[in-house]
Amino acid sequence: MLGVGAVKNMFALSRSVYVTLWKRSASQAAGQRLDISGIYPPIATPFTKQEELDYHKLEENLQKYAKIPFKGLVVQGSNGEYPYLTEEERVEVVSRVRLSLPRDKLVIAGSGCESTRATVRMTERMAGVGADAVLVVTPCFYKGKMDSRALTHHFTQVADSSPVPVVLYSVPANTGLELPMDAVCRLAQHPNIVGLKDSGGDITRIGLAVHKTRGLDFQVLAGSAGFLMAAYSVGAVGGVCALANVLGRQVCELERLCVEGRWEEARELQWRLIEPNAAVTRKLGVPALKQAMEWFGFHGGACRSPLQPITESESQQLRRDFSSNGWL
Amino acid sequence: MLGVGAVKNMFALSRSVYVTLWKRSASQAAGQRLDISGIYPPIATPFTKQEELDYHKLEENLQKYAKIPFKGLVVQGSNGEYPYLTEEERVEVVSRVRLSLPRDKLVIAGSGCESTRATVRMTERMAGVGADAVLVVTPCFYKGKMDSRALTHHFTQVADSSPVPVVLYSVPANTGLELPMDAVCRLAQHPNIVGLKDSGGDITRIGLAVHKTRGLDFQVLAGSAGFLMAAYSVGAVGGVCALANVLGRQVCELERLCVEGRWEEARELQWRLIEPNAAVTRKLGVPALKQAMEWFGFHGGACRSPLQPITESESQQLRRDFSSNGWL
Amino acid sequence: MLGVGAVKNMFALSRSVYVTLWKRSASQAAGQRLDISGIYPPIATPFTKQEELDYHKLEENLQKYAKIPFKGLVVQGSNGEYPYLTEEERVEVVSRVRLSLPRDKLVIAGSGCESTRATVRMTERMAGVGADAVLVVTPCFYKGKMDSRALTHHFTQVADSSPVPVVLYSVPANTGLELPMDAVCRLAQHPNIVGLKDSGGDITRIGLAVHKTRGLDFQVLAGSAGFLMAAYSVGAVGGVCALANVLGRQVCELERLCVEGRWEEARELQWRLIEPNAAVTRKLGVPALKQAMEWFGFHGGACRSPLQPITESESQQLRRDFSSNGWL
Amino acid sequence: MLGVGAVKNMFALSRSVYVTLWKRSASQAAGQRLDISGIYPPIATPFTKQEELDYHKLEENLQKYAKIPFKGLVVQGSNGEYPYLTEEERVEVVSRVRLSLPRDKLVIAGSGCESTRATVRMTERMAGVGADAVLVVTPCFYKGKMDSRALTHHFTQVADSSPVPVVLYSVPANTGLELPMDAVCRLAQHPNIVGLKDSGGDITRIGLAVHKTRGLDFQVLAGSAGFLMAAYSVGAVGGVCALANVLGRQVCELERLCVEGRWEEARELQWRLIEPNAAVTRKLGVPALKQAMEWFGFHGGACRSPLQPITESESQQLRRDFSSNGWL
């Protein structure tokens, strides 16, 4: 295990140097969209028992993730408990991840806030600390008013001002609304909007999003390992999968089988991932994800309140969902 | 076009002779489950302007469907307006379809009613007029009480007494409830329950249903052309697709591509079917399905009230959903 | 207890004589709408263990109900398990109730079916056996298409042809849809539509329905004892309350207190009815209603399958909801 | 109209002096719960066209509200666009309102955040600038995990540490979840939790909350003018009503009629408030509320993006909902 001092050193590389390097690589890519295809874990944020950010544990996780063939990491997707972080914490976590992670791995940072102005500012800050792209969730508090008009306006404002490419993010289980398809199609034409992470799981919608944005170099990512293979079958090019925090190699293997067209093998693997995936997402949520991470050699750590630890009976259920599929 | 007399003759084959033939073929199959893999249109029921059953138009549709490589027909799925038929009409329609359809095509008859006893009786009558299998929808009026316990009891009672194999049917858009996965798994063990038609479209659930029933010879059918390819990718073996009433050959072609593992081609075709499919199902419903049938050379006919004809603007939208995908 | 023979005699009065008497009283009322204000239990339908209709038990319940100051009975509301009765049974039950019940009590018969034509016919049959009015539920299977246009058409057709006044019935917990307010307002103008039973419990909607139909002699009934007092406060004139099957006198007492403007006393009583009411409706449903009836001296009897008897733990919960409010 | 200088002076009273005064008045009340009965507008937050806080307009609104017999103001309820304010802005607005408002009017400040720790801190800050009580909304992002256990823990932590009394806040239209009744009952026993603002509108639930917390001096406020009278009828003691931003005197008049038991007059007034209320809440939302405020002599100002101004046709609809009830 690493000492605290060593961890601090890992994060010590000057940010300004770092950002300069990053800008050069970005300019090299001018003229074409950022390729976001591949698998990303939306990383969990470990907290201490006192609910403080545990950067040490985070760093150890990053060391392990660096060895898995992920395309990159999503920092502060829903599984990162971003609504429970302060603005400063959100930026700091992304900054540290970028400094720690090998340069060839993408960092996609969740920068969504409820207001457009806050999202614009957070997006700039995330880019400022090295995010390669931002993931922007649909605002949702005034859900009755978050129609195509409002959401198109919101994402356009954010994309217009963002220094880095924008990925749209629709996650109805948390927000209570889906980014409407007509908004997706319009926004896909924006030069700075490169894709969509769709966590709703409506495979018809995912296929349609691919179909309706053909020729626009718009990339659709499955928002869960539960429908990853099906999403690939209809044209998605990657996935942001909570389960990849736990079974990262397996999710990458599923990607590989899909990309290589080895559908029979893919299917066998996909099947075994459905229940573990459901357990750490819709059934038992982030606290279960963090528990499972512990079982598989990662640091989950505590959740911030009001999220509560899973109960003993939930823990048993969680274990069953992994063991009955041969993972434990 | 056929005269009324000719149509009557088509239905003239003695039912008792017919049923005897059928029973023999059934007994030959003893020891193995009925193979229901393949594509089925859940046929629409044409009515006259006075809302009477139009058997003449039905027969002409059947003649055309007989030439398409369907595995069979579903008679009185949701698209057949079965809740608007009397008990006698329900049986009569199935009887006529069976008599008209070539013997090598399966007739799967919707026999679901709200009460178990009515479903048992309707199932017997459907078998009595030659249905090869029955499709039994979840009862739904007392949805708060239709939990796993109640539904397992219901389907078990029906399957115990049914002379023909039973296919479970979950269609939450109409019923407001999904057949719970634990009930599916338990019911899959019943020797007379051969499969599930899942119209909910949750592809994770479809994959899980296949996975959890492996070794039980339990067959999962996609309940819509919108997610047909994705369903095949995770192990479904067929589809009951409203759109097959209109674009039957194309849906069968999609099946063939999936079965042969030609996923690239399948994807291209699947994409073009999503919008027409949505238009005739969740967006505009049965009245739109019937309108589209008219455009493609079939008889849709009127709907029974309270279903209303689509409006002029809906008709234009419907046309666009077909034409923008190259079908009109 | 009555012998079977006695019960049969109770129903022996000739129907044709009866209907003649009824028509006369109806014609006397020509020129003004039927007054439906007051309290009605939507009576449960007792079945034997073999799930056959138990007319004997029904009759004994009716004898008891006749002594409670109900305005009348609703026969085949949702609590009557009407979707589980055959057409013949539905008519027969109404017929027997009408023959048994004192003439000064109204019989409002549920005549709703999914299709307009079936509802028209059932309405005629219900009137033919003496129903004073019919309660017509919104059709709901094709819920995506049951918009204002379709529902207005449906209810208008039914009311046009009905020999007796029509009461609209909105019960979203079962049907998954609410009768839209604009349809309510339009339908309230129909001379043969006298009121609305609203079981949704949105008190704002109930107040608005009263407000928007002022001057039309349109009567709004609360569909549950849980919000009966609140409904009176905003202008409802009665209630169809499942709980009145069990605590009929108390529900009538609540009505009296509201009508007399004794709101303080009403509130005390209302409070004590909320939990028992919830227990026999949305929490535990018809099987709990029938169980509670047994405790209070009525015959609940069995439910028809797929409704299942309540479990032991549900029974304890049910008992608690009555006892903690001082009723057991 | 006031000049900018005058407005600044209004806010000039030293905060520390103010807070000292406040603490004394609070200590005088030791031993009994804060009386929160009465009517509160959840005030809108006026923005300039550049979406900056417009304190001048806010102050002018406050001058007008001070003359209406409100019990106080709710600052940063849902209608205050609080999710669109920064932490600093949230505190500053409350501070200014407290300094401007006559001392005998209560300031209830919305201090809810997603995490418990942020809510605790915001609560302290709100108290620090003079809030008489805080209104704490249910956290909602991880709605699947926000069960009774989590929410009880959250509110208990907040109430334990809050310098001022806490009012629970359930607003399912925005949050997608209701504070469960068992959590309400448990939390009502906390000495520092004085009431519940329930915006869900389930009148049965409101009655039950009153009933189940009798003897605990727990006060229930209706969260909307649409069901204010009904809420009074079942025991609520006040209301936090968006419509009071526009028709404040009328909402207070409705309160008075209810409190005095003049139910007939109350009903007439209640009816005329339902449609205007729905228009500025669930139908057209905050942008419509702000538009209507302009018509009635208050400053609505712009909304922050992504909230969009209402369209011309929505504006006409809004106007109709007021004019058809005699308010315009």
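Note that the chains take the letters A, B, C and D in the order they are written out, and that residue 1 is the start of every chain.
Heads up, the rule we're going with is that a contact is a pair of C-beta atoms (placed from the backbone, for glycine too) under 8 Å apart; a residue touches a chain by one contact, two chains touch by 3 or more.
Remember, it's a predicted structure, so these values are computed and weren't measured experimentally.
Trainee: Going by C-alpha centroids, which chain is farthest from chain A? Tell me that one.
Mentor: Following the centroid criterion, the farthest chain would be C.
Trainee: Rounded to a whole Å, what is the gap between the Cα centroids of chain C and chain D?
Mentor: Taking the mean C-alpha position of each chain, the two centres sit 39 Å apart.
Trainee: Centroid of chain B to centroid of chain C, CA atoms only: how many Å?
Mentor: Chain centroid spacing, chain B to chain C, equals 36 Å.
Trainee: Please work out the Cα centroid separation of chain B and chain D, and write it as a whole number of Å.
Mentor: Their C-alpha centroids are separated by 52 Å.
Trainee: What kind of graph do the touching chains make: line, ring, star, complete, other?
Mentor: Its topology is that of a ring.
Trainee: Would you mind giving me the full set of chain pairs in touch?
Mentor: A-B, A-D, B-C, C-D
Trainee: Contact residues on chain B for chain C in the complex?
Mentor: So the residues of chain B touching chain C come out as 51, 78, 83-84, 86, 114-118, 139, 141-146, 149-151, 153-154, 157, 173-174, 176, 282, 285-287, 304-308.
Trainee: Touching residues of chain A toward chain B in the complex: what are they?
Mentor: Residues in contact with chain B: 201-204, 207-208, 210-211, 224, 226-227, 229-231, 233-235, 261, 263, 266-267, 270-272, 274-275, 277-278.
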